[in-house]
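I've put the structures underneath this note.
In the two complexes below, subunit A is the common chain; its partner is subunit B in one and subunit C in the other.
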Partner chain A sequence: MTELFLTVFSAAFFVTIIRTTTPLLLATMGGLVADLSGALNVALEGMMLIGCLTAVIVSVYAPWYVAVGAGLGAGALLGLVMAFFSFRLKADIILVGFAINILAAGGTVFALALATGGDKGTSINLQSKAVPSVDLSFLDAIPGVGPVLTAFLSGHSVLSWIAAFIVFAVWYFLFRTPWGLWLRGVGEYPAAPEAAGIPVNKVRTWSLIVSGALAGLGGAQLAMFNYVGFTRDMTAGRGFIALGAVLLGARHPVGALIAALLFGAFEALAVVMPGLFNEAPAELIRMIPFIVTIAALILFSVRAQRALALRGVK
Partner chain B sequence: MSSISGTNKSSRWSAVRKEIGRAGGALLISLIVTFVIVLLTSKDPLGAFEQLLTQLPQKTRTFGYWIDDVAKLTITGLAFSLVFQARQFSMGVQGQVYIGALAATYVALSPLGASWAGIPLGIAAAMLAGAVYGFLPGIAKAKLGANEIVSSLMLNYVAIELCNFLVRTNLPKPQAGVLTTNDFPDSAVFPMLVDKTRIDLGLILAIVAVLVVWFAVYRTSWGLKLRLVGHNARFAEYSGIKSTFIMVSAMTASGALGGLLGSMFVQGQTYGKLTVLFEGNLAFEGILVAIVARSRPLAVPIVALFYGYLRQGAQLMNIRTDVPAEVIGVVTAIIILLVSSSYSLAFLKRLFRRGVATAPTPAAAAGAAK
Partner chain C sequence: MALLEAIGISKTYPGGVVANDGVNLVVESGEVHAVVGENGAGKSTLMKILFGIEQPNAGALMLDGKPVRFANPREAIEAGIGMVFQHFSLVPSFSVYENVVLGSEPRSGIRFERHKAIAEVKAISDRFRLSVDPMPAVMTLPVGQQQRVEILKALYRNARILILDEPTAVLAPQEVQELFVAIRSLVAQGKTVIFIAHKLPEVLEISDTITVMRQGKTVGQVKAKEVTEKSLAAMMVGREVTLRVERKATDQSQRVAEIEGLRVVNARGTEVVAGLDLNVHAGEVVGLVGVEGNGQAETLEAVAGLRAIAAGTIRIADKDATAMSVLDRRALGLASIPEDRIARGLATGATVAENLVATRLNETRYVRNGLLDLKAIKANALQLIERFSIRVGGPASTVDTLSGGNMQKVVVARELAEQPKLLLVNQPTRGVDLGATQFIWRTITDARDAGAAVLLSSADLGELLALSDRLLVLYRGRIVAAFVNTPDLTPETLGTYMLGLSTQTADEMKAALR
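Moving on, here comes the complex of A and B:
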């Protein structure tokens, strides 16, 4: 047990949490933007997966930042496809989302087999690149706290820092700009912005594009930092956990950040536990985020219902 | 999803023709897209397509793969149809399959499994477990307002991890380290219907399930209420129907079907034991089957016949040519996108002229088939 505590309260474990949280956080921000505009994006999983593969394949031939951009672009494109089918062709957005998930599950394996010449499991024989980590060892020079700061802040992916900035950017956009107000209005009660002359479907289309781009960026982090290379189904439900994190975070960027950190910590635990104990039930630890999400979902639904009842709305 | 069919026979047939036209058009478009992909990537595109489209019925063994797949697709299609009829987007069939399979495995590997009761008790336990697992997101939605899409998706992963955990630790294994249980005793494995194929009792179960679901939806008052709730939950509520009860019961019944599918997997000829991740994402294929069948129980097996043919044809193509089977995911996605949207040829034309998007007329939709 003491070993577990020593591990959990070490700087290395903190760095692991940040690493496991980053893809989840980016996808969560994507889910948040779509959810607030009233378009539940169940395709986060598929968008992440396609983002992963695109980033890996592009990184074989191009520098890492181009590959990250390609992953982001692939996600954005899928968001556009989703918007086109659900708003232009009036398909149900849930079904469109699942179509994209199915396309991603099969399409990535197909494309992987083509890119590797037949390997359907991993991209191990592709020389893909990694996202560099940010080295802040100069902080050592600060007297007293320097080494601690270095241990905690150094060695994170570039994308982790970008993700932290994105949380702030999303918050600023949603609550401090007129477009953020539009977006929240469209999600809250579409008839009112429609009457005010705000193009509801255009707002939703852009939110789905941004949502896809963020999920794709999360995929790039997953396949170019957490793991270097692509494995089939490597997202393993992270897109759906992100949906849960949006709800657990009470549909607010800061809340979503905390929820993503919590889920990231569980994932990090599931990573380190089997190394400490022989019989650690990693499966059961991996289950925790899903159960917490269900609990949070019920909790917030009850609260929302009670709030409605207080306002006298049936 | 659902629609209450009119009494007018000719209008009903024209609606059926329209649906067949739209589905056929979507199939054609998706096959053309797939052919272009194969053309660009394969050394022998025509050979690959020949394997995909013509080779399946040539041998009894491959024919058996097809029919076995059709039986399973039918059950998952029915499970999704039931919840779609009530306009609930519960996506929990996958989790119900794993939970049902676990229940069936515990029965089959117990002393009961070695007796005559192995098959009926296994099926019953699986259906019960699946029903409970379908009931959970239903009751959470009805009583607490929790979004059934998210909760059912989460339950899927919980079931998969639980199955992985129990197979690794608790269930008897032939040797340590393998992620599969002991073979079930013969008395707990579905008997073959056709010698040396995978066609087993599951096919009969699928046919029975189609008839039962059709009867329940179209010939009972529960079914009428179900379709009313799916059509307009508010109207149903005003006319005195307890719409939450109908929703929860539909999700529970759908869960029982999911559990049945789990028992068909592990007790069927294909496995005869529980292996981790045995289901191979088949459960979600029920979305396509249910959407193309417009959630009509009697149309589900027909759609499953076509779609199972494509799936298993893709497996043959995978083994015998250089085209991976996963290309079929493209077909699936395109069909879902097109059939669930209001696409039509006239609409596509208008789109290219950058016209205004309005709902297409029925005549235009029917024209999509050509």
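Moving on, here comes the complex of A and C:
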């Protein structure tokens, strides 16, 4: 047990949490933007997965930042596709989302096999690149706190820093710019922005594009930092956990950040615990985020029901 | 030269309803121009065309003498036209100022300038005497204030012409007066107002010119000074209408509903019904009088089983119904015509036929072996459409294509298809035209004459005085006065109690509280 405590309160564990949280956080921000515009993006999972594979394959031939951009672009494109089917062709957005998820699960394996010349499981024989980590060891020079700062702040992925900035950017966009007002208005009561001459579907289309881009970026982090290389179904439900984090975070960027950190922490535990407890199967530990999500959602709906009952709605 | 002119406008909706058929409208600058007509006459359709929401199949619009076309509301807004719909388009959780500026926000760079927005909203609301606090979320405001926000929205976008579609239908009498003050101040500052309403006294009070529509055509345009309520009504309906119903003598000895110590607490924790005792007998109409928000609506909802109560008992037909489900209450003979037909009375996306059987799906007449009997449902619809003269394409039309008055008739038809024991009625003729009002009054009175106990609430004192046997005035959730309805009871008498200016003693009330 002491061993667990030592691990949990170590700087290395903090770095692990940031690593596991980053892809989730990016997808969560994507989920948040889409959800607030009233276009629930259930395809985060598939967009992330395609982002992973695109980033890996492109990184074989191009510098890492081009690969990251490709992952992001793939997600954005899928967002556009989703918008096209649901707003132009009026298909049900949830069904379109699931279609993308199914397409991603099968399509990535197919594309992987083409790219590797037959391997349907991993991209192990592709020379894919990693996202560099940011080395802040110069902070050591600060007397006193220097070494601690270095231990906590050094060694994170470039994308982790970008993700932190994105949380701020999303918050600023939503609550400080006119378009954020439009987006929230469109999500809450589309008739109002419509009457004010705001193009509702255009706003939703852009949110899905941004949502997909963020999920794709999350995929790039996952396949170019957390792991280097692609494995089939490597997103392992992160896209769905992200949807849970949006709700758990009360549809607010800061709340969503906290929820993503919470889920990231559980995943980090799942990474380190099997080493500490040989008897607890890692699969069991990996279930924790899902159980937390379900518990949190139940808790939320119970609270919402109570609030409704208070208002006299049966 | 007229400011705005519509010439020979025709509009046929997909599905073949001819809503406008060669309509002409001439609006002069700086006037209040009322458009009146029965439900379904095509008033809203004409307004939607003026605002660019619907496109006419034929005809032309002239603004300042020049032909114009609006492909969408944005173009109409740019041309200086603003419209307030009967159903508001406000984002509930947004503050007043956010709603006002939405779509044309003041900005510097990518930043939304909140302070500037707040200041501008304040400035317009001062200038046009539409006082609203810019800060609170609109969902916390009463309907009258929400309407002001809508008007501010149009003014913020520099509307010269303001279209108000049935603005008074949702307002309490005092709020109507406040709205009229605002309209006068708008006109004094050079704005032009187009105003739709059903209540002719209101129309005559506020407007300068009146255009009358009937069945998609303009019947005529008159000066408000030159007509009377009677002549206007005749123009609208094409025949004389009198709004009066004869009530038969009935046996009122049997107590059908007994409400004791009823308390209801709302979402914000305030007590809206504060210990109410009242009984309703077979063959009588008990009218709940009061300024809106004094517990009438909550009382009716509590009796209908739609609202949780904090304390008290409700007995219907000698059974304790306090804890009963809506279905069980209905089985005891309860019927209810709710206040908001769109939110509570109807499933607007479903067909007329489906809505007409929605409360009877536990009857083997319409459901056999768990399957809907479509033939019986259709036959029922055809019969009720005929009996209640609902103007609709057919039983398979969806409810959202009906005009307001006809929607209300669908609710009335469903609830009164069979003789109820206890009938709850809230705002039965809101937004309903003269002819349909007369019809609905007749129908409610017929149910009473046949022995139903009726509990009625309405914002229209004329309606309460016309239909009720007894009147109970509610103020802050309590009964402050009770009257047996006699011809010499006046709205003014009721008014002093409604505003809480005086209260009857228990002795004075006794006679009318049985």
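As a working rule, the second predicted complex is superposed on the first by the 301 of 314 C-alpha atoms of A that agree within 3 Å, B and C clash if a C-alpha of one lies under 4 Å from a C-alpha of the other, contacts with A are read in each partner's own complex, and residues count from 1 in each chain.
Going forward, a residue touches a chain if its C-beta (ideal position, glycine included) is under 8 Å from a C-beta of that chain, and two chains touch if they have at least 3 such contacts.
Please read these numbers as outputs of a predicted model, since none were measured by experiment.
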Contacts of A:Phe240 with subunit B and subunit C, given as first, second, both or neither: first
Winner by number of subunit A residues touched, once subunit B and subunit C are compared: B
Touching partner for A:Leu40 - first (subunit B), second (subunit C), both, neither: first
Which superposed partner A:Gly180 touches (first subunit B, second subunit C, both, neither): second
Partner chain(s) touched by A:Val302 [first = subunit B, second = subunit C, both, neither]: first
Which of subunit B and subunit C A:Ala141 touches, first, second, both or neither: neither
Touching residues (chain side subunit B, partner subunit A) in the complex: 41, 89, 91, 140, 144-147, 149-151, 153-155, 157-158, 161-162, 164-165, 168-169, 281, 284, 287-288, 291, 322, 324, 326-330, 332-334, 336-337, 340-343, 347, 351, 357, 359
Residue ranges of subunit C in contact with subunit A within the complex: 72-74, 77, 83, 85, 87, 89-94, 98-99, 102-105, 107, 110-112, 153, 264-267, 269, 298, 301, 305-308
Complex contacts: residues of subunit A adjacent to subunit B: 40, 42, 85-86, 88-92, 94-96, 98-103, 105-107, 109-110, 113-114, 118, 120, 237, 240, 243-244, 247, 279, 281, 283-284, 286-287, 290-291, 293-294, 297-298, 301-302, 304-305
Complex contact set, residues of subunit A against subunit C: 176-178, 180-182, 184-185, 188-189, 191-198, 309-314
